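See the structures that follow.
Shared chain: chain A. Partners: chain B in the first complex, chain C in the second.
Entry: the complex of A and B
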């Protein structure tokens, strides 16, 4: 043994294999998207960007991208507002009951989304929310709350409660304290939560399959249908665009965190 | 000169219970206009709870808090208009020094021009005018403390509350800031209520000290009064150091008595107006170590005890001696090095002496 700190060759290769195993399925779509063939395959004679052209030139694909984006924005606003208020409320009251509330808020993460989707389908019907922008935005917004509650609660755990006392001691009302002292301190947590809530809505499929049909046709739904109906490499191109977009969001999140830790 | 600016605070029968635990028990206290009062006590004595009740963060279980005779007990903290310096300062880390100091003015909706002038004045008051654009974490502990002071004073608060304001600083800086704080108090002429467990800080800063133990007020008074005439053993022991002599009262007169301890008698002279304990009663005397002298061979004193040096410590400015006496047990003496008639050594026989008015009768504290 060469000491407790060093990883042996076995451990090291295991780690690399695991990492590759996780990343390969994501990476495989890149060459597929660049294929010169008319079906889902690896490039044969050369690489081609025409499938990206197909996606970006198609009203259907662009419509779905736009729809997914607006739904994700609306859902994010809902998740962030409700999740932040819930986390701050639980933090301020901080009793046993609030622990229960916090656990309840995590339920959408714990319950399989297909079960959740069946429930939504049952009671969205009578409310006329099936296959409506509002219905999908509400469903995504509510299921995005846990991400925000988690990130904001974490930010609040590091918040010095004496700052709130200090603000109120100097005459600040509750809303002034919230605006000028608490929110600026937990803003990185709120942004992280918003990014996760956005990604959650952006690539959500199961609920959309249940509560939407024709009017609301989100991007994941279009990919799903495309794979079921024809094996157009345009799907891989969309997937690449999705991956790039998600990577961008995650990098934004990281940069924000680094700034709030270092700054 | 600034006396009229300060406000008077009174606590009437203040109590705070947390379930079965009594944090503060029936404390009544008056703080005069412009006075610097320190609440002094060991941890768990209830001093911080009292301060937090005055600030409005803790609701008392019983009793009332009055400002200039007006009951403010039900008011929330934001309606009390008190400045407060928190332990660890609680500066807003995302705001610059100037923004921190502006905060109380901003919440009051003051105009920008008026705000800027006041903030400049407050920062100049604590000599931090050049640091207005720094963030709190770019300042030293002492500077942060002064920002906290400026922020607490900028809105002309009725009272300034200080929660262990110097406890986070090292010893040398603490002494410096003690002087600054005292000068600041004199300049602004406001009523200050300070909380500390540091008896030196309390003695040097305060106009008056209130000593607390187990949630009760043990004694309140001017620093000199508390030091020279402690009412109980706890006060004598907590405020400075003390020897305790235990014995029976003998031959009590209007001006003094003798304490009979074993085969010796200790003469005690009382100040005018102080009543002697009843004849034959068991009594405790407090004798400050610095009032005990090491006698030269032919030197006399009103009280003399012979013994041997158990141990001694050289403190630079002086010596601290532990002497085992035959009848009075162990006695500590602290004497300036230049005044020691002999060089101390362990086992050396010595004679200790003290004046009849050096020892003070104190009460045993109720458990």
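Entry: the complex of A and C
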């Protein structure tokens, strides 16, 4: 013992119970996905991968996965471009007005998506963006901007502004400064923002429920219908695939951060 | 010419794309929602009168407030325990604790709601296990009611509660705790008289965050409430998609935004908004 102050037995057990409460219910979908039965249950006689086969052999599920993926990529490009430039501008100018802009950029995190979704439902009608790839990509892209602004602003906070001034002083244009001085330094922040913006779009359901119906039928939308209409083990298989995919993205994020911190 | 001079127009142009996107595709649709609430079905505040006259509207508001308050209290309690454990843990253990908080945070909310349905429904794993063990005869009603909603919502909110509290606990100097112990305080006294008061700013920030997120939460309450217990977000969706009552739906949406902004305004003296969301330095 180093003589430091540690948690008492009550605090420790409550923390353990909470950690189990957070993690175990999510893990329960793994055995359920491997069940040999035709209904939601734990495996009875042995494990079976056929429910994964059902999902991966279904044109509907694969179509939705592909659609969600392409929408998320488009939305991420939009969020990252707009969010990164905005964070850099706010950081360099750093005045009352830009403080306001930064708070404005946080609005999509604060205002519930249901409010935005019903607004979009009316707003996209006359613009012909309902049930269109472009419409969903714009909605997801705009609401993904806050994640990028936050991660890039955090990266910029550790960036020495004199480097930028030196570059400008030596005659670099704004775009040269951005490209050769600022962007390489904040690249890990941008990647983090991109991963979060991607997950945001990939998981988003509320807006999709309102602004998409048949042409655009994303993965969360298909899961939602599945939960409400037929609860079968194929749903659990989808859940497991999604969990694995999220873990993969998070590990990529951690690896990138470690590399940039470790130098 | 000083290099640290006034930033040129170019830097302002960098902000422009995000600003225009936000105004054209975020602010405008939301302003439209506010406008519809006072213009449809007829101009005036008729929709808002329903808050005073309609018992259905009042019931939804009270149900939502009750569930949000219970959820916030539980999420704070459980989140505090985790944040406390993380703060005092040794470095290796700390990494694992943080993982237990961050991984659920990023797992799809649909996946988590689905997992709870699998566990809690009538023929679900919990009821089957309890019946199998001979503890109960009839399945317990664990889901499609308020209980199920609270279980799922707290599960979703705990990670959000942990992060601000953790940030504020990390600023507490561990030597203070050791010193208090050394001066003869019991473990309980150290916690009550030193640690807890110092961590209060984080608790308030977490409480505000969890409360405003809970107010407008749609997916988990809709799935785990099973259409029987309606919270505000699901009620709004019902008005718009099924009953085509835009006036009422947008009125409630406006009230939701107002409630959230008022909550933030009240606590803005105590809570630094940008610190909660981690923007800027």
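Everything below uses one rule, namely that the second predicted complex is superposed on the first by the 259 of 263 C-alpha atoms of A that agree within 3 Å, B and C clash if a C-alpha of one lies under 4 Å from a C-alpha of the other, contacts with A are read in each partner's own complex, and residues count from 1 in each chain.
Keep in mind that, in the parts below, a residue touches a chain if its C-beta (ideal position, glycine included) is under 8 Å from a C-beta of that chain, and two chains touch if they have at least 3 such contacts.
Given the structure is predicted, the values throughout are model-derived calculations rather than measurements.
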item: Chain A residues touched by each partner, larger count belonging to chain B or chain C; value: C
item: Chain B versus chain C as contact partner of A:25, first or second or both or neither; value: second
item: Touched partner set for A:188, first chain B, second chain C, both or neither; value: neither
item: Chain B versus chain C as contact partner of A:116, first or second or both or neither; value: second
item: Which of chain B and chain C A:166 touches, first, second, both or neither; value: both
item: Which superposed partner A:243 touches (first chain B, second chain C, both, neither); value: second
item: First (chain B), second (chain C), both or neither touched by A:180; value: first
item: Partner chain in contact with A:143 - chain B first, chain C second, else both or neither; value: second
item: On chain A, the residue positions that both chain B and chain C contact, one per complex; value: 162, 165-166, 168-169
item: Chain B to chain A touching residues, read off their complex; value: 55-57, 76-84, 86-88, 90, 92-94, 103-104, 106-108, 151-152, 155
item: Chain A - residues contacting chain C, complex; value: 3-8, 11-12, 14-15, 17-19, 21-23, 25-26, 28-29, 32, 40-42, 78, 81-83, 85-86, 88-90, 92-93, 98, 101-116, 118-123, 138-139, 141-143, 145-146, 149-150, 153-154, 157, 162, 165-166, 168-169, 174, 199, 203, 205-206, 209-210, 220, 223-224, 227-228, 231, 235-236, 239, 242-243, 246-247, 249-250
item: Touching residues (chain side chain A, partner chain B) in the complex; value: 160, 162-163, 165-173, 176, 180-181, 184-185
item: In the complex with chain A, residue positions of chain C that touch it; value: 3-4, 7-8, 10-15, 17-19, 21-22, 25-30, 32-33, 36, 77-79, 81-82, 84-85, 88-89, 97, 100-104, 106-119, 121, 123-125, 128, 155, 158-159, 174, 177-178, 181, 187-188, 190-191, 212, 215-219, 223, 233, 236-237, 240-241, 246, 249-250, 253, 256-257, 260, 264, 273-274, 277-281
